[in-house]
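This is the structure I want to talk about, given as structure tokens.
Order of writing sets the chain letters: A, B, C and D. Residues in each chain are counted from 1.
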Amino acid sequence: MSLRIVSAALLCLAVTGALAWAVLDRPLPEENLPERVAAAMPESGVDHPVTAVLLNFRSYDTLLEIAVLLLAVVVALALREAQPDRPEQMGLENPLLRAVMAWLLPLILIVAGFLLWAGSYQPGGAFQAGSVLAAAGVLLRLAGVTTAWLDNATLMRAGLALGLLTFLGVGLLVMIPGVPFLTYPLEYAGTLILLIELTLTLSIGLTLISLFRLTPPYADDPDEAREQQGKTP
Amino acid sequence: MSSALVFAWSGVLLFGLGLFGFIAHRHLLRRLLAFNIMGSGSFLVLIGLAQDGRGVDHVPHAMVITGIVVAVASTALALVVFRRWYRASGRTDLPEDT
Amino acid sequence: MTWNALILFGVLATSLVASAVIFLLAESRHTTRSVFNLAAAVLKLLLVGWIVWGVYQNIDYEFRFTIIEGVDFILRADALGMMFVGLSSLLWLFTTIYAIGYLEKAPNRSRFFGFFSLCVASTVGIALAGNLFTFLLFYELLTLSTYPLVVHRGTRESLRAGQVYLYYTLGGGALLLFGVVALHVLVGDTEFVPGGVLSGLDPSLHPLLIGIFLMMIIGLGVKAALFPLHAWLPMAMVAPAPVSALLHAVAVVKAGAFGIARLVYDVYGIEFAFSLGLLGPLAVAASITIIYGSLRALAQDDLKKRLAFSTVSQVSYIILGISLFGPVGTLGGLVHLLHQGLMKITLFFCAGNYAETLGVHKISELDGAGQRMPATSVAFTLGAFGMIGIPPMAGFISKWYLGIGALEAGMNWVLGVLILSSLLNAAYFLPILYRIWFRRRERLWCEGKVLGRFETSGWLLLPTLATAAFALIAGVLAGMPFSPLYWADLIVSREYLP
Amino acid sequence: MIGLWSVPLLFALPLALGILSLLVTPAWRPRLIFVGLPLLAVASFDVLARLVVEGPRIYELGGWQAPLGINLVVDGLAVGMILMTTLVASLCALYARVYLRDYPPSSSFFWPLLWLLWAGMNGIWLAEDIFNLYVGLEVMGLAAVGMVALRATPQALAAAMRYLLAALLGSLAYLLGVALLYATYGTLSMAGLHEAAAPNVTTHVALALIILGLLLKTALFPLHAWLPPAHGGALTPVSALLSALVIKASFYILMRIWLVLGPEVTPIFTAQVLGVLGAGAVFYGGWMAWRQHHLKQLVAYSTVAQIGYLFLFFPLVTGTGPEAARLAWDGTLMMLVAHALAKAALFLSAGNLILAVGSTQISHLVGISRFRPMSLFSFGLAGVSLMGLPPSGGFTGKWLLLHSAILSGQWWWLIVLFLGGLLSAAYIFKVFRMSFREGPQIDRSVTPPLTLDVTALILASAAILIGLTAHLPLFWLRLGSAFGAG
């Protein structure tokens, strides 16, 4: 065991110990936030508290979180253009997978739609639905199914941007009566949140699919990849 | 020992393990996995400590969802950079770390 | 903001603006640059004249704004400051003329003249600074703007000299900064007031004050080339002649000496400094420097090096005068600030003329230069006589008052220092004069460049003769109003009778 | 309510521009700055004007009061940082528009990254919620990593990867600290924490985690290893943005949290340790900067050194009198702003010099003062501020810190400020020495476009001017803080 491993282990033990102590010794908070959440629920426009926190009370966090997702795609796109890859040769030529996909795809879409819809009154929501959508996209890709709209760069980017743009647009539009950013009027709150969730689902799904598609194809032999690049490390 | 403590201590343990992996390993993929384990540990602490007998606190749930999305995005970005790096250099670790 | 404040700021602005414009002008636009530069110098001189008259009549000139809470940027014209401003703006004009001729056809002139003007702006700022903060600000700016001039030639040697210059001045500047901040913590914004601002402090703080004084003297002594902080000055001789003039007469060493004067008179107050027992050691340090500089000068064969060590020695006369507790000694020190400037710049101009026209850098090669370049040689002779202190040259006046001042202050040993140093001065100047006038040149002069209608270029000759004449007049007409002596007397009366 | 529109626009506008620049063609991406920069400038100045007239306020996003909702704090400190960001980022953007022309089209992804980075930074400056700060840190951090990776060379990818790992580790430590604080106090709002904070084990462990996480992101010695390759190797405008602004954000968070938790919770011992690490950074960074052979590496190590000065804030503000603490606050912020301006100027002018001689080696700058005086002049002005020589923001900051150190009787920090200044003079003049040397007298230098020189010069002049007019910005920065004038 090298010195580095030992010191890392000691460090981690110390951190874990300190954390365990901190957790054990924790005083209970005086502030009762759950109570406040419960009290504000009628004004939130949705029935499920997590969704209310995510898309109303702390919707600004969610807005920035979507920006983080978008960032990952932007970097992937930039690197893809800077380091062009070989033409795609992805996809397993497996008839069984294709056959299953035909059955699975509608099911996945229904599940995604349900998760989105369920979000307003029980666990679920845009991110969960978006992830399921993304899974469908990844499966399609693995099955070698190419669809025109997934390969259309412009359409793809528009889809990526849609969620964040809608979110921002709604946040700014509701300010017109003279209230702060992201203050939904009570009577429209439910609708607006649903609209945002819908577009977010689509964008999150597309984001995750893009991230999968934009990574360079697997090269068995890195030397070969280097030669192709004409670069040395 | 309350259930809150069990959750939180598990989280702490995961965080510690992840930290060890993050420091001890050189392979970038392992370090990313370790990072995700650390992340899960933090989320567990966040959720676990919120159950203090006054009912369910939903704010940490929302925070954890946000945290997960951020972690997913960071991991994805790291993977993108890592695979580009691997393609360009053929290495799975960073140059100065041998 | 009043007119007076604007005029005062104008004195600073003339050279600042000149500097900015010169930096922006293309390298090839020599005529525009020269015209602008000279116009700025003349304008500055006019403004200075105006203010000198005003200060004489006790008009208040002040320009201030707040930098941070409790710290103001203050420019103020008082008699002491105006003396220094007058000297540097007069010599700026002559040095500019000289430099235009000296650097004809040389590269990097835009950079040179830009930093040159900036240098003068900082000097004026130092002179007009109304508090320690403003003083420090311009003191450091002077360091920065001189560096490019010292390394101007870009040779290995000059880069090395520049580096040594930086080591000394930046280190000294940092010490000065500590002193200034420490005083600021003790008494708040330290404005310059005749009689000082520290005497009211609790006696338990006196050891601290002595420490601060020491630190600040080291900081200022670097620029004033006080032994053993002088090593940068002879090394900086690799710079072009106008830069040497600037370092030795117009700006840098004078800034150090002037700073010591400010520190003693207007921050600590001469009586308080005396009661702390600070003046005696200062006088000793100055005396050692005087003797040491002269001895080192004796050993140099390089003309500019000999002049440089002579400066080390001569500037300490000023410090010596400051440290003599009594009005007459002060008078001698202050008047020497002006006299030394006039005489030393003449000598450096002459050295530059010899080097440029005859290609002669060494004293041993100066044989018969008087016949080839009579006007320059007359100027050199006048300067050298002044340095030795032969009546009726300006240098005599300074030494006379210093001597009387020393007797008055009861420091008779200083008289010995003065006599010894005068003998040494004579020992290193007279052989040069002998070679110039009474030895014959064995070989032909290498007349590589024909510089003008006169013995050398008019650009070089005119300033040399003018400063020599001033050095003569300052001695002969010392009793007239507005002579250096007259003005120094005014300062003394204001500093000692607040 | 203060800046009803202008406050959210500060982050909404860059977000929107970030998305838009992704949608348009590469040729159009740079042109969006002609819409974005004026609008952002207007919003920033509007916020400042309202701050001065109406005083500091809280902005309740979604109309929900903290701790239920997320609030934004519009006080002097936040607004000061916003203005600094607007100035520096605008000039870097103008620079980049010209600079990136010579790079392949893939570099146009700089623009979406720039806007998102900007949004993240403005989000951080305004945040009043410690979890929101985490999300803001991630937006900014990932955008910064993306910018470092933009060149896609193996070196750039390795630097980005290293930076990313450091950033991720830092964020997680911060997040866990936030989790512990939330578990203890039941609130994420700084105002709430300020009320409730008490010295106990959990809080101290949380503070330690937050400090460690943020130190890693700020690259304080000895956690700085990721910084020089990332900042030194990136595209020039990226280096400028990262060194000038990005590392300030994590320091800013630390400063805020330190003051929020208050003197009862923040131990003097920790403060001294932070100060000692800062001193280590000043010495080590200065020494390493002096040893570099590549111009941008030198500048990057200079950042490592300059970060150290900022950390003198903690020992000078903790357990000292109100006057010393105020001076420490003033001095640190002056240092911070001056460094932002000067370092951006230094990187941009270093980029110009590199463009001019076609080499990153310092030894290839021989005689460049003759041919590219303007680039060198900006470099010099910025250098004056970094050396802490007057008249400059760096000097004024140093003066205030010295004053504070003497007043609080902590003379040992004087030595740091003293030697740090001399070290920075050593590495700055190393460049000058080379540029004044007269080499072969052929002008082989390339003239960079005027915009590049002018932007660098404006930033450098700003670093000088802020030192002369420090009175006003410092007064604004104090608005709404614990240090009076509110």
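The rule is simple: contacts are C-beta pairs under 8 Å (C-beta built on N, C-alpha and C of every residue); 3 or more make two chains touch, one makes a residue touch a chain.
Small disclaimer: the values here were computed from a predicted structure and weren't measured.
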item: Between the pairs A-B and B-D, the one where more C-beta pairs touch; value: A-B
item: Middle chain, criterion being Cα centroid separation; value: D
item: Where subunit B and subunit C are represented by their mean Cα positions, the distance between them in whole Å; value: 68
item: Chain centre separation in whole Å, for subunit B relative to subunit A (CA means); value: 16
item: Chain centre separation (subunit B, subunit D; CA means) in Å; value: 27
item: Where subunit C and subunit D are represented by their mean Cα positions, the distance between them in whole Å; value: 42
item: Multi-chain contact sites of subunit B, meaning residues that touch two or more partners; value: 8, 15, 45, 49, 59, 63, 66, 70, 73-74, 77, 81, 84, 88-89, 95
item: Multi-chain contact residues (two or more partners), subunit D; value: 131, 135, 138, 142, 145-146, 149, 152-154, 176, 180, 183
item: Complete list of chain pairs which touch one another; value: A-B, A-D, B-D, C-D
item: Partner subunit B, residues of subunit D touching it in the complex; value: 131, 134-135, 138, 142, 145-146, 149, 152-154, 157-158, 160-162, 164-165, 168-169, 171-172, 175-176, 179-180, 182-183, 188
item: Subunit D - residues contacting subunit C, complex; value: 330, 367, 369-370, 373, 377, 384, 389-391, 395-396, 398-400, 402-403, 406-407, 414, 418, 421-422, 425, 429, 432-433, 436-438, 441, 467-471, 474-475
item: Touching residues on subunit B, where the partner in the complex is subunit D; value: 8, 15, 22, 28, 31, 35, 38-39, 41-42, 45-46, 49-50, 59-60, 63, 66-67, 70, 73-74, 77-78, 81-82, 84-85, 88-89, 94-95
item: Residue ranges of subunit C touching subunit D (in the complex, touch as defined); value: 23, 66-69, 71, 73, 107-108, 110-111, 136-138, 140-141, 143-144, 147-148, 151-156, 159, 162-163, 166, 170-171, 173-174, 177-178, 181-182, 184-185
item: Footprint of subunit D on subunit A - complex, ascending; value: 18-19, 21-23, 25-27, 29-33, 36-37, 40, 56-61, 63-65, 67-68, 70-72, 74-75, 77-79, 81-83, 157-158, 160-161, 164-165, 168, 171-172, 175, 178-184, 231-233
